[in-house]
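Shared between the two complexes below is chain A, which has chain B as its partner in the first and chain C in the second.
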Partner chain A sequence: MKTTMEHTISVHATSQGNGPAAFVRRVLKNRHFLYVVSIAGLLIIWHFFAVSSKDSKYMPTPFMVLNELWRIAHENLAGKNLWGHLWSSLHRVLIGFAIGSIVGVPLGLFMALNRYVNALVKPVFDLIKPMPPISWISLAILWFGIGEESKVFIIAIGALVPALINSYNGIRLVDPALYDAIRMLGANRWQTLVEVTFPAGFPALFAGLQISLSVAWSCVLAAELVSARSGMGFLIILGMTMSKPAMILSGMVVIAVTAYLITAVLSKVEKWVCPWKVELMQ
Partner chain B sequence: MESETKLKDPFSLKITPWVSFISFFVVWQLLIDTEIVPRILLASPVEVGKLFIDKLTNPDPDGAVLMTHTMISLLEALLGYVLALVIGIPLGLLMGWFTVAEGLARPLFEMIRPIPPVAWIPLAIFWFGIGLTGKVFIIWACGVVPCVINAYTGVRMTNPTLIQMARTYGASDWQIFINICVPSALPMVFGGLQIALALAWSTLVAAELIAANEGLGYLITMGRRLLRPDMIVLGMVMVGLTGWVIGNIIDRIERRLTAGLERGGAAT
Partner chain C sequence: MPVESRVDAMTDETIKIECRSVSKIFKQRGGKVQIPVLNSISLSVVENEFLVIVGPGQCGKTTLLRIIGGLETPTTGNVLLDGKEVSGPGPDRGMVFQKYTLFPWKTVMGNVEMGLKLGGMSKKERREIAGHYINLVGLQGFEKAFPHQLSGGMKQRVGIARAYANDPKVLLLDEPFGQLDAQTRYLMEQETARIWLAEKKTVVFVTNSIEEAVYLADRIVTLEGKLPGRMKSTYVVNLPRPREHIDKEFLKLRHMITHETELLL
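== the complex of A and B ==
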């Protein structure tokens, strides 16, 4: 068995030779071939498992999931089709994320820049931090009812924590040598902030926002699972109450793809807004 | 003067955190006592404290004493967590070193990875019901992802010089894997354990909020249904406290297990 790391080193040793053994070795070394085998294997096993299981209503076949995906994309469920529900979730995420980061980032910056602000805010923040955002849902429902506000509140709390922690740490962990250098060049307080503190802390801050957004996406689902009348979380819990596993699974597919796209887009944006990140890492 | 303040924090800075901490509770208490915030919406810290003492022995109105709720949540979380470790870490380690393991497991893993853990809840309840099995499955599904990622990354970050050296001395693939890759991946693996734990705990609470008849999340839900804000806050405090305690325990274990490793790492 060849290893991934040794791949480049020993490629000459293994690709030599003929015969079935060498062929098998070459095939097993081909990663793309293995990927195809793996996915095909999953689908085939899944299909036959679903077909052969006695109670087919517990396990849909892959085709049934695709069919269901097509159906919910066109039919209305509780007044909206798939895209409507997806938009309601995203809409909540955007509002909650905006509130969480607008509060969290400046607070984190001030905490990092001023010891008194830090001493004042940190004890309270440390009390709130270990509680999972979703555990606020009951209070949120008592306070705001089961409408949009309670979901947005949960998302804002979930997004606030990573935004604050990362902007705080990002500023605190700036290389002191950079400060020494700019002070030696005669910069005043404001110039130090603009030229060193913010650019050097920004990559960590942005990483915090990325985490915030993915936390926000899972918070909105959790909140919608508990109580909602629209959104992706509502869609999969509806699938559960209607005993339609195909609907749950197709909802999960859409959720996963959305989460994937959010991450992919943000890492593109990251390269665009802070191209100096790599230099700092080295 | 400036250097003096840097060496020794001024008295006002030392006292500020305590002022903040205490005034948080005082303001909270006053808001309730003066009825600025109605009692129906929030309980005062004193009420929560009273309920805490009461719930230690009194199973009403939600059917179990506080310890039972906490133990049930802990049991569910730990079972799922241990299963995630037992499957995720070896899988991640193997994926990091052997092409066949990576080629076969990676696509499946990449499919599961973007699914937020809470999205498993409806499926798990549908398949396994609201009992222990469903919860364990949810925790497993959310804990396994960080375990695999970190174990995989840890192996991939092994110093190539060490591997080449071992190869020169005639070590087999398997020997290199066990003696070099696995130990050097340990710090990353522990990082994964911490992430998995935080994720497992908050997902479990979500699962219990949605469907359960015992556990801390259930306590919170019952508080809402019975319009008892003191029960809600008590549940939240217990969730936060328990999560914090487990996190600290993992931290301790990590420090003990990797103490020698870090020293070794610093020497190279």
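== the complex of A and C ==
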């Protein structure tokens, strides 16, 4: 799809002639060129804003942030360099996400498949669902202390909600006609579950896990902002107490890039596990 | 015609499907609203007969087919398949749906072999059989394609192959070409006739097109144009195959049915 689109665009452009105007038109139609313009524009505006501000201490330029990134990548802060802190956060995210989805996905599936389970679990879940996961933090610290457990607890709660909702909806919204089709082919209950319910519900379930992971990532930062001695949230707080905005911004950039990479990896995984879903992804 | 010879002709052919005064009432809002959909339909289909049920939209013809398939239960009356009452869906009846209803996560091969897989057949064996039917419907080379990569006509070829591969006693087709453009529809009608002649089955085919019915059917049953659906008339089509849409006899029959059913087409 993408290649044919680019193809038609280039054909269109060459048909306009080969002069400089055509060249400009071709460049302006190039998606990647515009991406670069967008990011470069942001950096330039940021730079001039920082340079013209009265106190450069509170508004560092992009170069200062880059410098700071280089420094904290090599220097230890509270016993760890940037990568050590990043790993601390990721480690918590992975454990919390694993717990949240291991509880949330089966619970969502059972709720969708059995109305008694649904009737018992749904009211409680509906009560917990609207609470922001961060609101558990004080309680979590009282229960589990300021160690790893309280952070993992919050992340697990945050990850559980979208994992459960999406696996529940994914199963409930399976096209009933597909059940007709598989039953006409002679499937028993178990075969119906394996051959239709699970594969048909899988894309929604997977989308839920993607949301879970991004919620988990914001939860870890919030938890670390409140109390931690390592992690990206801690690094940002450290930047604040040390009055080093460049350090805060470095931390934020690393957080954003990490989240972006996680999402990118997950969409690749999705393409690999549901190749039939390509149509919907474009 | 003398009565005796007619009886002979009847006993010569085994009755495959028998609908005995099938009625259906749909209930909505907890039974407060009752919609009668079918009214006392009685018909039988003999072995290897191609029966076409014709009626306009909303006349209950799809419901009748779903009752034969066991996907709906009749409110009164029953359906017999080989003399046994139908009590639910099963692999002895193969169904082709209007909206294709292929499994999007399965390839063409995966879809066609599904029934055999459910029946517990070994992979090698079912691949061979599925391959035969993929060839029969003219989709060789597309075994590894996913449904979203196929055109409507190709999707319905997969639907037909999937139903055929399971070797059902009867084939039920529910307006299978209703979503296709006119040209593809003609082609698929020809293909259906060709496939059926190659491997005969007892077929119940539901459509709203009289032309399609005359092209395909051994016998046509028309339903009345409003709910609840009642049987109107039956026509035996004795035209030789392959049929021509512009054949004189073809047009005559088509005109007669059109005239009598007051259907536009």
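Quick notes on this one:
Here, the second predicted complex is superposed on the first by the 235 of 282 C-alpha atoms of A that agree within 3 Å, B and C clash if a C-alpha of one lies under 4 Å from a C-alpha of the other, contacts with A are read in each partner's own complex, and residues count from 1 in each chain.
Throughout what follows, a contact is a pair of C-beta atoms (placed from the backbone, for glycine too) under 8 Å apart; a residue touches a chain by one contact, two chains touch by 3 or more.
All of these numbers come straight from a predicted model, not from anything done at the bench.
Touch counts on chain A: comparing chain C and chain B, the chain ahead is B. Contact with chain C, but none with chain B, is seen for A:182 once the two complexes are overlaid on the shared chain. In the superposition on chain A, A:195 makes contact with chain C only, while chain B stays out of contact range. In the superposition on chain A, A:79 makes contact with neither chain B nor chain C. By the document's definition of touching, neither partner reaches A:20: not chain B, not chain C. Shared contact residues of chain A, touching chain B in one structure and chain C in the other, are absent. Residues 1-7, 9, 28-31, 33-35, 37-39, 41-42, 58, 115-116, 119-124, 127, 130-139, 141-143, 214, 217-218, 221-222, 225-226, 233, 236-237, 239-240, 243, 245, 248-249, 251-252, 255-257, 259-260, 263 of chain A are the ones touching chain B in the complex. Put simply, chain B touches chain A in their complex at residues 9, 12-13, 16-21, 24, 40-42, 96-100, 102-108, 111, 114-123, 125-127, 156, 158, 160, 163-164, 167, 173, 176-177, 201-202, 205-206, 209-210, 217, 220-221, 223-224, 227, 229, 232-233, 235-237, 239-241, 243-244, 247.
On chain A, the positions that touch chain C within their shared complex are 175, 177-178, 180-187, 191, 195-196, 199-200, 202, 274-276, 278-279. Of all the residues in chain C, the ones that touch chain A in their complex are 69, 71, 88-91, 93-95, 97, 99, 101-106, 114-115, 118-119, 146-148, 162, 166.
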